[in-house]
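Next come the structures, one after another.
There are two complexes below, and they share chain A, which is joined by chain B in the first and by chain C in the second.
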Partner chain A sequence: MNLLWKDKIENVDKIRLNAPVYYAVDFEIKKEIELPTYGYITLKGSEANYRVKISEIRPYENMKGIIKKTTKKLKTLLKIEEIQDISAIPISEFKREDGTYLKRITKFSYGILEEQGEIKIKKFEEMSEEEKKLMEDIEKKYGIKLPYSIIQKLLDAKEEFSLKKSEFNKVVERAVEVYKKREVDPYEAVGIVAAQSIGEPGTQMTLRTFHYAGVAEMNVTLGLPRLIEIVDARSMPSTPVMQIHLKEGIREDEDKVKEVAKKIESTNIIDVGNVITNIADMSVVIVPDKKKMENRGIKKEDIVEGLSKLKLQKLTVEIEEDRIKIKLSEPSYKKLYQLTENVKSLTLRGIKGISRAIVRKSQDNREWVIYTQGSNLKDVLDIDEVDGARTRTNNIIEIADVLGIEAARNAIMEEAINTLQQQGLNVDIRHIMLVADIMTYNGTVEAIGRHGIAGEKESVLARAAFEITAKHLLTAGVLGEEDKLRGVAENIIVGQPVTLGTGAVTLIYKPKKR
Partner chain B sequence: MEYTRFEKARIIGARALQISMGAPVLIHLPEDIVDPLDIAMYEFEKGVIPITVKRAK
Partner chain C sequence: MVRFDVLEHELVPEHYLVPKEEEEKILKELGVKKENLPRIKKSDAVLRVLERKYGHIPVGSLIKIVRKSPTAGRITVYRVVVRD
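And now, the complex of A and B:
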């Protein structure tokens, strides 16, 4: 028997910092529970996010050093030994005592975790003592906090070259020196530098979309059109493609990979045969093409089964030797036309949106990879054979929906840098990182331009200076908007120094020390 | 306090303007320094300019 309750993230953090600790909760536990047991904490009520080990349950009394869930109506004390971040388990996997399943947790509930499967515990690695000490030493000595990755590299180097203490200190000194040199000064116009650094190479890019050369040609937007697509944050790229990597044991076998590819590629009736409308006897006739059917691994029965999915009206399906005849129950030209259209676009199998799937050797020649035209990340990840960690799509919005905003940020960076590199242009990644940050900082992917970031600026004058001047000024006038003159564009308009570089410095008098 | 390059430029610029308009020089100068901007830079290096910056928190 497990306990489940809903809690706030602040309390979880408190428990994490103080465990083992007594935790006071506002519900009574009346049933006998075998100890030690696990408790599950949910944040939203729909899935369990944390697991705690409970070693003692007793009535509430005020003691020193306990953590309280709320300020009043506390009833029980739970001794929590440890708390673990687990990959979310849906609440619906917990059973009530009477055998039914739980739906939501509003406050507190008993439950039994049905399938004990593997519970994935997320681990947070803490800095080692050595790393911590080095970081503190550097901060004390140079007044600067180096990023963790640099600390790691320094210590790796120390081990690799077995440096003496004095030598290592020199390395650290040099690292700090270089780090400081590369740092950007406050009020440096990084955005403008980034825009220019991406814009100038952009002028050298191809304006044309062109085809991949190769056995299996696929059309992919490249060059400037693709770059524009990325910064515009279009909901669908003009040529969505995916690279689907498969799990070990399958990916080395071409036949098995082709099998999966067939499962992914969506097949319509029109792909495996002809559809003829016969007006004379009000029927639609499907003439399957044997060769095409074999290629796609579709049988006649599959087509008949697929037809049963048609939700038009009563149909009679007659199977003849090399054709399938569908008859309408009542004659109507309109309905006959509609039926033809529906039959043509009927999906027999596969994943929606993926029109082609091609199997090719990967570049390092070690495995077979499925390349698809069309993208549907969510459904592809649901397939058992797919290795989700290495599967990718070029549809950034889809990534944001399925995997989250940080993944989308990385996708923007990767897509942009790849597009530039394909054209032989080398742009520093930090410029692109800035663009990706600006596009994603508020939690949704937003375009750069009138509909996205620029249209959101606080200042009226800055917005008016960008595009559609009259409209912005008019609405600002009607609403009585105020302009704080904090940005660059508005200060240029009113003729003040801008808040960048030297313009952002305020001088004050420094009296002489006596 | 270490100054950024913008702050340095601003301080030297302000001081050079004062000197060019006749403000007394605060330190004994080598003979070859005559230009107000050079004087301001010399003063900055020696740390005698009574100007500093106010930084946003």
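And now, the complex of A and C:
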């Protein structure tokens, strides 16, 4: 016997984060249920989306650290050991005790899952049976594994032109033939081809760095400088920007979005007024600008409150009509100077590192998006209103830190191809993919060039041929290093064929014996 | 406030932990040794999420990654967990 109930995604998230945990629900469980059992949670009522392991059922009592399904009318406590995302099971597969099938879950129900089978942990797009079969058939027949996209295209074509079996087989055969022809040959120098393919269009890129987009003065590095930045894996791009998407219900309303933007934009005292050092009476004076304060939604009290965060000496803050005077308890010129600097950079509100936030309509005109100057992915993702899944930054290192290495690989690819495309250059994505793969091979984002990938070359001669020849040769001599002559540069130096293409294989002529 | 699950981000592909028993078969199929595979650091943001799901993931485990590829549609790659 299983329990089935309808719940909200927020509760599921809570359980997921806290499991094992007690969960209070608003229904009574009257029947005897053997423990441990599984409970199924549905979001829409028509299909089960999550499975939880229940190890204890008892009447409701208020305790610390429990999660509540609703605020009122709680009746039962369930101890949930773990929660799993499962591929959706239609509710109609659950049986009632009398053998009839359930249709929908409105609140709660008992049910027995007929075919227990294997419950899969959720996957996004599982391959269909047909696709799987075709892929296996081709592999068996031709000894080659075609990519998923080709399999999909083949099956689409089969349906579109209603091909007969023999005709379809012919199409498959032709597809395999063409695919084999286009495969990279063994020992092909893909890296060099990629370098050339990106380098040549690179010569046509603009060297001009800045580009002013839209009405608001937001500048973004584009063109060659940006491409170099990506490949160099700089810890901070010269113009970090973010694109923040918001959750449903907020993103359609310009005013609400603007409010969030205000929350994100960091405001320093210097943004809303002048800071003057008055040496005559050893004080720092803030002269707030009314207009600027209004624009940013900051009040005088906010400034005073912000000043209390300063940790220097005991400060006395005097509020006058149009100015705020700060005095030190033990003034000295040095301290006074320090105080001025600290006051200038004091953040009153917002997220550190984000200097501007502008609200604009997205390209498809459906929602309002916040564009920012400056980037702080981690803190932005923690804001409730933000739709984290679609929020982007152009700082690749930051992506690697916050979202992991695979996300960084995707970001490198996207940034590079976008930079090239903005200039009207078309580079095959495969070259970029290779670059992104190599840059993320080690688990961290590494630069291409002498500090990154090329600097790690194994061969002494290759390193010596590149830069600072004498130093490399000397240290190699002292350490007694060995050169296995596997790479390109070292083989050219010693005057033998490089291990690429036909040079990589050895052919021996063996005359027939007569 | 629920912390953002990085696996839900558009840029992050699907990650799975490969069970110990299947490792050998996969390596044989690929024809490589573990140390030749691309790496993923133990401190990687995604691994921290996976550890919530699978429990402790030791150094040397295989992580299966199902990427969306613009050329091949879907492609499975593997990374091996390494020390920082």
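In this text, the second predicted complex is superposed on the first by the 367 of 514 C-alpha atoms of A that agree within 3 Å, B and C clash if a C-alpha of one lies under 4 Å from a C-alpha of the other, contacts with A are read in each partner's own complex, and residues count from 1 in each chain.
Everything that follows uses one rule, which is that a residue touches a chain if its C-beta (ideal position, glycine included) is under 8 Å from a C-beta of that chain, and two chains touch if they have at least 3 such contacts.
Values in this document were obtained by computation on a predicted structure and should not be read as measured data.
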Any idea whether chain B or chain C touches more of chain A?
C
Which of the two partners, first being chain B and second being chain C, lies in contact with A:Glu301: first, second, both, or neither?
neither
Which holds for A:Asp364: it touches chain B only (first), chain C only (second), both, or neither?
neither
Report for A:Gly443: first if it touches chain B alone, second if chain C alone, otherwise both or neither.
second
Considering only touches as defined above, state whether A:Glu330 meets chain B (first), chain C (second), both or neither.
neither
Touching A:Glu160 in the superposition: chain B (first), chain C (second), both, neither?
neither
Can A:Leu381 be said to touch chain B (first), chain C (second), both, or neither?
second
Tell me which partner A:Asp255 touches in the superposition: chain B (first), chain C (second), both or neither.
neither
Let me test your reading of the model: by the given contact rule, A:Glu320 touches which partner, first (chain B), second (chain C), both or neither?
neither
Check chain A for residues that touch chain B in one structure and chain C in the other, and list them.
none
In the complex of these two chains, what residues of chain A are touching chain C?
10, 13-14, 17, 123-125, 127, 147-152, 381-382, 384, 388-392, 399, 401-407, 410-411, 414, 429-430, 433, 437, 440-444
Per the contact definition, I'd like the list of chain A residues that touch chain B in the complex.
185-188, 501-502, 504-512
Name, in rising order, each residue of chain B that touches chain A in their complex.
4-7, 9-11, 13-14, 49-54
Residues on chain C engaged by chain A in the complex (per definition of touch):
1-4, 6, 8-15, 38-41, 44-47, 65-67, 69-75, 79, 82
